[in-house]
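Let me begin by presenting the structure, written as structure tokens, before commenting on it.
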Amino acid sequence: MAYVTTNTGLAATGVPRRPGFREKLQDALPKIVLAPSFVLILLFVYGFILWTIYLSFSDATSAISNTFAGTRAYEKLWRWTFDPVQNWHTAIVNIGIFAVLYIAVCMALGLFLAILLDQKIRGEGVLRPIYLYPMALSFIVTGVAWKWFLDPGLGLEQTLHHWGWTSFHFDWIKNKDRSIYTVVIAGVWQASGFVMAMFLAGLRGIDSEMLKAAQIDGANAFQQYRRIIIPQLRPIFLSAFIVLAHMAIKSYDLVVALTGGGPGTSSWLPSNFMYEYTFQRAQMAVGSASAVIMLMGISAIIVPYLYSELREKK
Amino acid sequence: MSNAASSSSQGAYTTLNRIVIYGLLAIFAVVYLMPLFVMLVTSFKTMDEIQGGNMLALPTNPTVAPWLKAWGGACTDGVCNGGIAGYFWNSIKMVVPAVLISTLLGALNGYVLTKWRFPGHKLVFGMMLFACFIPFQSVLLPMSTLLRYVNFGGQWLEANLGWNFGLPSPTVHLVFVHVVYGLGFTTLFFRNYYEAFPNELVRAAMVDGASFFQIFRRILLPNSLPIFVVTVIYQFTNIWNDFLFASAFSGGGDNSPMTLALNNVVNTTTGVIEYNVNMAAAMIAAIPTLFVYIVAGRYFVRGLMAGAVKG
Amino acid sequence: MAFLEINNLKKRYGAVEILKGINLDLEKGGFLVLVGPSGCGKSTLLNTIAGLEDISEGEIRVENNPINGLHPSKRDIAMVFQSYALYPNMTVGGNIAFGMEMRGVPKAERDKAIDQVSKTLQIGHLLNRKPSQLSGGQRQRVAMGRALVRDPKLFLFDEPLSNLDAKLRVDMRVEIKRLHATTGKTIVYVTHDQIEAMTLATKIAVLKDGELQQVGTPAEIYNKPNNLFVADFMGSPAMNLIQAKAAQENGRTVLKILAKSGGGITLPMPASISTEPLAEGREVIFGIRPEAITDQDGADRNSRAIEMVNAVVDVVEPAGADTFVVTHLGGKEVTARMRSDAVVQPGQELPFAFNLDKAVVFDPGTGKRL
Amino acid sequence: QTKEVQILHWWTSGGEAAALKVIKDAMVAQGYSWKEVPVAGGGGDAAMTALKAMVAAGNNPTASQMLGYTVLDFAKQGVMGDLTETAKAEGWDKVVPAPLQKFAVYDGKWVAVPVNLHSVNWLWINKAVLDKIGGTEPKTFDDLIVLLGKAKAAGVVPLALGGQNWQEATMFDSVVLSTGGPDFYKKAFNDLDDDALKSDTMKKSFDNLAKLITYVDPNFAGRDWNLATAMVIKGDALVQVMGDWAKGEFKAAGKTPGTDYLCVRFPGTDGSVVYNTDMFAMFAVPADRQAAEVALAKTVLSKEVQAGFNINKGSVPSRTDVPDTNFDECGKKGIADLQKASAGGTLFGSLAQGYGAPPAIADAYKDVVTKFVHGQIKTSDEAVQELVKAIDDAK
Amino acid sequence: MAFLEINNLKKRYGAVEILKGINLDLEKGGFLVLVGPSGCGKSTLLNTIAGLEDISEGEIRVENNPINGLHPSKRDIAMVFQSYALYPNMTVGGNIAFGMEMRGVPKAERDKAIDQVSKTLQIGHLLNRKPSQLSGGQRQRVAMGRALVRDPKLFLFDEPLSNLDAKLRVDMRVEIKRLHATTGKTIVYVTHDQIEAMTLATKIAVLKDGELQQVGTPAEIYNKPNNLFVADFMGSPAMNLIQAKAAQENGRTVLKILAKSGGGITLPMPASISTEPLAEGREVIFGIRPEAITDQDGADRNSRAIEMVNAVVDVVEPAGADTFVVTHLGGKEVTARMRSDAVVQPGQELPFAFNLDKAVVFDPGTGKRL
């Protein structure tokens, strides 16, 4: 679709007019402009991925090592995958719980809020930033606020006790089986507004004539949403999924700030694992291998999506 | 006149509906605001009140001391590095160029990838997009190793030319890192936006004799405001809030961005955790991004509508 | 008694009055076409009938029952939209069945109804496709199918053909016409294509700025436009409207059209004018449609009032079936429609045959037809 | 010549900061400029990550606070400076206890200076609460349990614990020492002897730990150590098992040892010292900064600074020839204990603090302990198995 | 020698050939209209001329210079787009001046040129507005202004009127026609509105699937379509195409049109057919335009070959200026165009006058005109 000069035509006519240097430069310009970015990505993303893969096969501990150690790191991880006591196992189980809940709840809540906000609400201009602002806060801030809020001795529980509801009990953040859910709560609080904005944008884009048609067809508000509108938000669901999935996979700071990985090691996520083993535990090879496995997991989700997304569009 | 009844009952139904909708929205607004509210009231309380009192209660005798302390000096015994005040400017110095460069590059990439396609453009874009998903922890070491050579380069330049071009500067490093790892997102945003941008405008400009850059500057850029807002907000928040890169590449100390200072305040473990100071510091660190979201929030949704969500 | 009655309907958005008291009625089986320029309130009027917008004042009755407060789905109407408003997530079959599904019609019955409708509209082979896989014309058919399958009392069409290309539009127009003829349904139809309005309607209502300008049969609207707006709006190319002066000549009232250069033409007063004699020197606007100006050969042999006028040809526009010839009269451009093989050259002076049977006269002040 | 020293550390809290200031003041007095890079969080975790990145990028600081084996890791990478000459001149190898030198000397070269010596097998008791419940200093582990039971009955939190892995493991160090005695501790936690790790004594240690945990309040998970200390200071809790850095908190709160609080050795560990030490790892720096580096090292190990620093920090000097005149009661006891242990060979590196074994093993150990404490590992049998396995994996 | 020459132009997107060897030329001052169904490659062809797409094979010459490799801005052409492609961020004045600005024309000169163009197009009062503040017609004018101000060798128009409503389209059409007449510029114009094509062109090229079907004057295309596609595509309502058989009768070749019910009509062979005698019983397709079928009164008085045929009226579509009457012949629907006041009722049997001067005959196999 772009204009690209071809000199084949000229050659065919035999007219002696070669494109000058300037013209050649003009033709190459788009690629020249794109090249720096692409090279940066190539080096600093794909190059580093290769590096990580390389390290994962070495015997690197606290420092980079060039000694080949075969698949030892992977064997370890593989073994740990099935040992419920191991941090890696915990991390994998947790990312499952976390990702599913985080993505599902964010989407459900985001969609719900967007639908509510789309009902020609008067104070929309005020409400929207209220739902959106948590996205503006860093994980450290979110962690500080929620850590405090959820602490049974300081936060919500204490407050409700103050107000007379003494039987109220909420100590998930101190409970090894529940702590990962508090990470979900804080994460959802932070990201759902952003998802809401995406859905709101999607809702605003729906043809109003379609809704009129549905009304005439006798669909009530609920049916309109369920049968007509929500199915049409499919692309938004996908984008939201991608955004949330990448945030879920990268969630690291939130865990550190909120639970510090605990109680015990019960709220670790794979990124915590990777970070810990690479930087703290002098097991760089294992850390790298876990990074490679994470990348493979991400690829399994993202690459098909990218493929279909980019292939469909002409 | 059966219709009068039916219409009025419909009216009642809608009124009830409205009440429910507004009610739900208000409840959620309260829930979303709660942590902010708690942070805000706490930051104005004295430590005594915090320990004795109710988290949600308004401060009985509000004090700005925690804010001053967070801003000016957050530790006791007079041995502090001062509050987070000094680091605010560090963050700005890092964020502004990083946001601008990554956004501009993203815009250029989006422009090339939609309006000047070449064989393989999809692959290039796909690769840039995939780059958004790598866990950043895994690039810390290779990146710092690389920066070592950048430093060497800077030293060499300084020795030979008398100027190091800012190469060994941690701020420059941070800007560079944020630009590299923000490129995927900015490119994605702009590509999706420009995908919907009429080709005919580009062609018209081409016929009008505008060059590659003239088309970009005169035709695309002036019409990219919505997506600029989205991208800038997104990048600004991410970079401002980043802790990982900041801790790894800032070299610590005087060059640290805000988040690092905030972390030092929040993780400072004197006998009593000064929640009020922590909250005040957290608020101060969050003010720029909050401000951006609140002021530009409306354009954010509009910008998303304008193409960013198509993903 | 009329099937559809609209009494003094007003619609306001905030302070802005969009519909300013509409009075209309339509007999059962009638085909009412609403025409008017963009933004005049056509869609709004249609939406109020459908119940998609509530009305600010006035009343709408169907078969003598007021339906003001009724929910759209209870009104037993079907609507076809300009954008077709097909549900993109459902197949064609699903789209057509959706309304019945919402009404709890059992599956077997739905299938039968779909079957029948898809036969009528020849969309049987499309039933399993998604709307995005259809061409414009096919989409339009599906939208019609969705309306038809419901077998409602009243059909509403909001510019259903405006997204089609010229050729397809003609075909679909004929199809709608046939549908109306075979089903005998009552239809309200919005368009701003005059040809559509003229060919389809049993009754046309011309709307401007929320006010009805004229309601009547296509022939009435075309031949006896109430005012300058209707005259100018209906017909393509538009009616020639020429400034003239009434004068007395030989005891008869005549019209004098002055050329810029002085001189001018005198025409007898068209028969269409109501008897009232026009005062000498009164300014009027003389209106005549292009097809009433021809070359001598093409003039209507049945007309009793052909006047020949000589004029210089400006532009010749051969348009296949016809040739449009543009000339000047009274300082205004005048278009004549001739047969395609009329031999005319720009610059040539030609005798034009004016069929005054078809001419009308307006008051320049009020714009009303005299 | 650049008269600047750059120090990376995570001493941002009150007592620590005050201690650091002693070094700073001494340096400034000699005309050096002092540049700090504080990176708080995770007991040095964040700082170490930052340090790794800095070193990888070639931005070596003059010195960095560092723990145990980490020094050796960095030394292995060849990024450390060489202070051997200074050490010789100053005679450090005579005054610094041999176990500490193990971490300061790599490949025959001095690469770090120990700033202080902490011991972790301490019990911190609120005197007022002790008197109120009518208890006495516990001499044996069983005494301790009885005492804790009394406190529980009296409605105070018996044991203040922060539920973070290093705190739990630090307490477990003491429990193991108490349960198995000095030799067992050394075999298990310094020599990583398989039989010792697998032994019943280890199982018994876990059982004892489990007993202690029953005296902890329910909200302990995730609590910072100083909050736990604050509970003891305020009288909300009776006792805390913590390294002597806790004393800094008592001091900052204006409490006096002996009257407000008691510092006693963890029951059954008297005579042994489980230590950790904060080192200043000295990095290889350009020639123009080496003089400053040497000055820093000398200053840190000077007797005056040692005294000043450790009085503030709550620890004891890392050289054995510093007079205990200005130290408080606990400090004096600490200095005496160190001299005894050093002489008697009962000075052990704390595994929890990274002085018993390299970090990978220490972390594996902490994992097992914290999982046991929080119920991810259910029984002591399982705990022993997991410990062996984890240490094996980490080797 | 032709002003614009296109020789064996091919354009491929990947493996798909969009343009399959186009040969065209246009004399200076000519007005070439490209018509064809959607997706046939009209815009692609235009874009290759503009240099916005590179070509896969072949050659384009302007004034005998090949321009294949030239950058669009160097080709001295101006283009008007369907969506107008006005730069939304610039004022009207800015839009018009942009091209000159890019070429480094000094400000004073630009202002003068804008002034002149805006006078010609009567957009002087709009110069400071943004495109979003303009109506469709105004935007179209501005787009033209942007092209005109450049005073290029060649104008390219890509469906410039298709976004306008019917009424405005007619006005703008006349304006473009006048512009062409007064400036004498060479124009290539894409549309799929046949009326536009017929009225504007000095030369029409009909494209289908990337292949030229016919190139000729509007009259040639309309009256002597090369093949069935062109016959069907051009003209609205479309040409009536009826299956027939050649037969020998009284020594003359005649056409027999069979009714479904048996029986049928015999018509003399139209004069348009080339001399070659058709074999007895040869299947042909008989094509006749609606306006060549009239009532007796309306028949062309100059025609030498009027044939009367009786048929039953199916549908009557009064369309203001004309009335379309649909009947059946040879199992196919046949549309006739009558005057608006022709008195016709559905169901009535009527004598239709066929003007065989205007009839054509096609081979059903190849689709070619015989």
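To keep things simple, chains are lettered A, B, C, D and E as they appear, and every chain counts its residues starting from 1.
Following the convention adopted for this analysis, contacts are C-beta pairs under 8 Å (C-beta built on N, C-alpha and C of every residue); 3 or more make two chains touch, one makes a residue touch a chain.
Since the structure is predicted, the reported quantities are computational estimates derived from the model, not experimental observations.
**Student:** By that same contact rule, can you tell me which chains touch chain A and chain D alike?
**Tutor:** B
**Student:** Per the definition of touch at the top, where is the C-beta contact count highest among chain pairs?
**Tutor:** Summing C-beta contacts for every pairing gives the maximum at A-B.
**Student:** Could you state the distance in Å from the CA-based centre of chain B to that of chain C?
**Tutor:** Centres of chain B and chain C (C-alpha means) sit 56 Å apart.
**Student:** Quick check: how many Å separate the C-alpha centres of chain A and chain B?
**Tutor:** Taking the average C-alpha coordinate of chain A and of chain B, the gap between them is 15 Å.
**Student:** Name the residues of chain A that each touch 2 or more other chains.
**Tutor:** 1, 3-4, 26, 275, 279
**Student:** Could you check chain B for residues that touch two or more other chains and list them?
**Tutor:** Correct list: 140-141, 143, 145, 206, 211, 263, 266.
**Student:** Touching at least two other chains at once: which residues of chain C meet that condition?
**Tutor:** Residues 71 of chain C touch two or more partner chains.
**Student:** Give every residue of chain D touching chain A within the complex, in rising order.
**Tutor:** 41-42, 45, 48-49, 52, 70, 73-74, 76-77, 163-165, 218-222, 358-360, 363-364, 367, 370-371, 373-377, 382, 386, 393-394
**Student:** Could you pull out which chain E residues touch chain B in their complex?
**Tutor:** Interface residues on chain E, with respect to chain B: 47, 50, 52, 71-73, 77-79, 81-83, 85, 87-90, 98-99, 102-103, 146, 150.
**Student:** Which residues of chain A touch chain D in their complex?
**Tutor:** Going by the criterion above, the answer is residues 61-63, 76, 85, 87, 90, 147, 151-153, 171, 173-176, 179, 256, 259-260, 262-266, 275-276, 279-283.
**Student:** If you look only at chain A, which of its residues touch chain C in the complex?
**Tutor:** Residues 207, 209-210, 212-219, 223, 227-228, 231-232, 234 of chain A touch chain C in their complex.
**Student:** Which of the residues in chain B end up touching chain D in this complex?
**Tutor:** So the residues of chain B in touch with chain D come to 75-81, 140-141, 143-145, 147-148, 151-152, 170, 173, 247-249, 251-254, 260, 263-264, 266-273.
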